[in-house]
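Both complexes below contain subunit A, partnered by subunit B and then by subunit C.
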Partner chain A sequence: MLALLFLLFAALAVGCALAMVAQRNPLYSAISLIGVFVSLACLYIMLAAPFIAAVQVIVYEGAIMPGVVFVIMLLNVEVEERRTGRLKFLVPAAVVLAFVLFAEVAFILASMQEFYVTPASASANVGVTHSIGTALFTQYLLPFEITSILLLMAIVGAMTLARRGGLLSPNARVIPGAQQLPLSIVDASVGIEDTRAVETDTTDEAARLLGYERLRDESERE
Partner chain B sequence: MDTALDIGLKLVAITVAFVVVLLIVAYTVLAERRVLGFIQGRLGPNRVGYGGVLQPFADLLKFILKEDIVPDKSTRFIYFLAPVIATMAALMTMIVYPFGPEIRIPFTGITIPLTITRLDIGLLYVLGVTSVGVYGIMLAGWSSNNKYSLMGGLRSSAQMISYELALGLSLIGVIMLAGTLDLGQIVEMQSGWHGTRWFIIFQPLGFIVYLTAAIAETNRVPFDLPEAETELVAGFHTEYSAMKFALFFLAEYINMFTVSMLATTLFLGGWNVPFAEDIFGRGTFLFGLVSAIGFLLKVVFFLFLYIWLRGTLPRFRFDQLMSFGWRILLPLALLSIFITATLIFLFPNL
Partner chain C sequence: MKQRGCSDTSACAMSQSENNEMEPQLSWYLALSAVLFTIGVTGVIIKRNIIAMFMCIELMLNSVNLTFVAFSSFFQDVTGQLFVFIVMTVAAAEAAVGLGIIIAIFRNRESLDVDEASILKL
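And now, the complex of A and B:
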């Protein structure tokens, strides 16, 4: 039963991985990658590591892949065309490297025969929430904290890059609520080829950027 | 042989739970229409059956009989896949909720647990499976090949990813108090003080953040921007008709139901009814029955709250939605975690 399930999920993982590389439509590739993650999560559960499986699903499937799919949808990436003639010299290299990889796997399998370990003989609660928590916050506290600082740096870096936009010229008109507009729409004196962007989130922010106290005067409307 | 019997029993339990939940969901739709009618000073559907009790079945029949239109330029496979993902992700969380304590059938001595399965990672399982639901909406929006659908799908994914953070963080206080992710154990821990030691007493801030984020996660008013009719026709499901639309509709209401169940389980004591243990005694049939009914009533309260909000509040603007999620809800959730951790550190015996 267990072996059958393992074969099923392993085949799914490999199949999805192949599909991910072979697909020409980037969205299909992304969906195949999601399939790989789900199959891996199932394999983790079969290895009695439910916590790792749940984290796998939450982090990769729930957080990272929606971002990827989001970008593909937003950019409306076209179906990738088959490139011919380029990088042809890499084909023999790929064959050699694949051969090396298979040789490595065969070597590991051969050496494993001598001291074959069944999963049951490993500590029974390795993948359980409690043991992971204990290990993370006692034995591996320093790597854990370093990782969190690294992630924080990544967040701050992303914020800094995203916020680096041009400032508004004083006579530019801003449409509040819009996230980003080309400058040429709001400022007639700028040509269409100018790709600088105007950014504002709220009416108040737009007014502040323009140097007014309020952008919309309530009495002016009537 | 035993495993086969076990699997068979689990399948029966899952079927029963699904049928009950789908019935409740169907009547939530009816209740929503009648309560909205009441709020807006009109009657609502009351013609099919006595007071409209057969209306859900009439609706279902209509959905099945309607013509199923597929847009010409749609990506067909994904177009068909999207509603299936949405419904499946909504239904899959059903298996970990404790609907009641173990119930003993009179005169037979058989005890059945009123939960389909107990997972060591129950809460994480719920969060993980719910996060899959966003694909249904995103892919539906993309594959329809319609600008309103795409806008709806993009909005919804941005909204769900943003509010998932606040939702997850608001639950950490409860996890710290309970010290476990097993939903059954979390409910057991709230049975003190004659069944009134609910975690909402210790986690008022976390509860408010969770409730708000949960409404946003289920795309309901006032956070229903993915399907804002005035701007986007019907959002991500503009191009869906007949039964495929019904699946999205179903998924939304099942999500409402599961989110309410999670709120009940984590904050309102799950199946703990005050003083039920003193009156009926633990483990009796009546205790089990009263507890299960108590659980359902608490869930129904949340469902009513959803409908009430829909009849009361206007919709957010999209930038308001985003700044509310990131600038108010997320810091509040972090504050709640900070306060909880400090209190647990200062009074470890409470």
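And now, the complex of A and C:
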């Protein structure tokens, strides 16, 4: 009975993982990955680790995957297009190497000595919250504190990365400053029917072309 | 392995194999974990979308978690589950920073294709 359940969840996990890799739309990949996480949580429950299963559902399905889905929908990700003709000569090599890998695994499985370990019974208190909390706050307190520092660094790093313009130097290509101006704006002697364009790369350059630089210098002089 | 209450190891293994005929063995979980990890590595190699590569890394982390929990449960030791807890925390931190990097890359390049970001500068 337990073996059937294991096979069911294992097949679900492997199938969802394969679907995740095979999908070209990132949103479908994310949904398949959620399937993998759910089946892994079921396997954790089978392994008598209910706390880890709950944390898996809360952290992965509740925190990480919504973030990923938010980013996918926010960025309007295009479907990955199929590219052919590149590195095509590597496909036979990949097939041969995959067979070598499977042969190695089969050899190891065939020559492996069977050993049996008593699985955790339901009465064992290894995976319950009490034992995990006791060990976490007594014997493994230092890794716990280091983890908290890591989380603080992650918060600061995410805020630094997500701040608009935080990483750009003044010489970088700035999207709002890079523009094409009609020549008639820069030079008043050209008629408005002149459709030639002036390209500027930065905001400072555009200000200089438009004459604001001169005005600003004069105002500073006053 | 130290077998409890068995003087003869082979006979004990035989009896235990009869008992555990229909129960999942430790090697089953390890094999599943290896399969999931291989799928994750393959995904990181063949995917070009940076978000898909990110999700494949998450899959690899989860397969390692499965190994930890399986060993922890079969050897009756709580240390493995503590490591899983810490791995999950690291994965959450990685998700926060990684998604920030993805947004920054998209803002600068307007594309998520890793082949276009291969020289790491604009």
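Criterion: the second predicted complex is superposed on the first by the 131 of 222 C-alpha atoms of A that agree within 3 Å, B and C clash if a C-alpha of one lies under 4 Å from a C-alpha of the other, contacts with A are read in each partner's own complex, and residues count from 1 in each chain.
Just so we're on the same page, a contact is a pair of C-beta atoms (placed from the backbone, for glycine too) under 8 Å apart; a residue touches a chain by one contact, two chains touch by 3 or more.
This one's a predicted model, so the numbers in the text were calculated from it and none came from an experiment.
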item	value
Partner chain in contact with A:Pro143 - subunit B first, subunit C second, else both or neither	second
Contacts of A:Thr129 with subunit B and subunit C, given as first, second, both or neither	first
Subunit B versus subunit C as contact partner of A:Ala110, first or second or both or neither	neither
First (subunit B), second (subunit C), both or neither touched by A:Leu87	neither
Partner chain in contact with A:Gly62 - subunit B first, subunit C second, else both or neither	first
Subunit B versus subunit C, judged by how many residues of subunit A each one touches	C
On subunit A, positions contacted by subunit B and by subunit C	1, 51, 55, 63, 67, 74
Interfacial residue positions of subunit A with respect to subunit C in the complex	1-3, 6, 10, 13-14, 17-18, 20-21, 26, 29-30, 33, 36-37, 40, 43-44, 46-49, 51-52, 55-56, 59-60, 63-64, 67-68, 71-72, 74-75, 77-78, 80, 83, 101, 105, 109, 112, 114-120, 124, 126-127, 131-132, 135-136, 140, 143-144, 147, 150-151, 153-155, 157-158, 160-162, 164, 167, 172-173
Complex contact set, residues of subunit C against subunit A	1, 4, 13, 16-17, 20, 22-29, 31-32, 34-36, 38-40, 42-43, 46-49, 51-52, 54-56, 58-59, 62, 65-66, 69-70, 72-79, 81-82, 84-86, 88-97, 99-104, 106-107, 112, 122
Complex contact set, residues of subunit B against subunit A	3, 78, 119-121, 124-125, 127-129, 131-132, 134-135, 138-139, 141-142, 150, 153-154, 157-158, 160-161, 164, 180-181, 317-319, 322-323
Subunit A residues within the subunit B interface of the complex	1, 27, 31, 34, 50-51, 53-55, 57-58, 61-63, 66-67, 69-70, 73-74, 128-129, 177, 179, 201-202
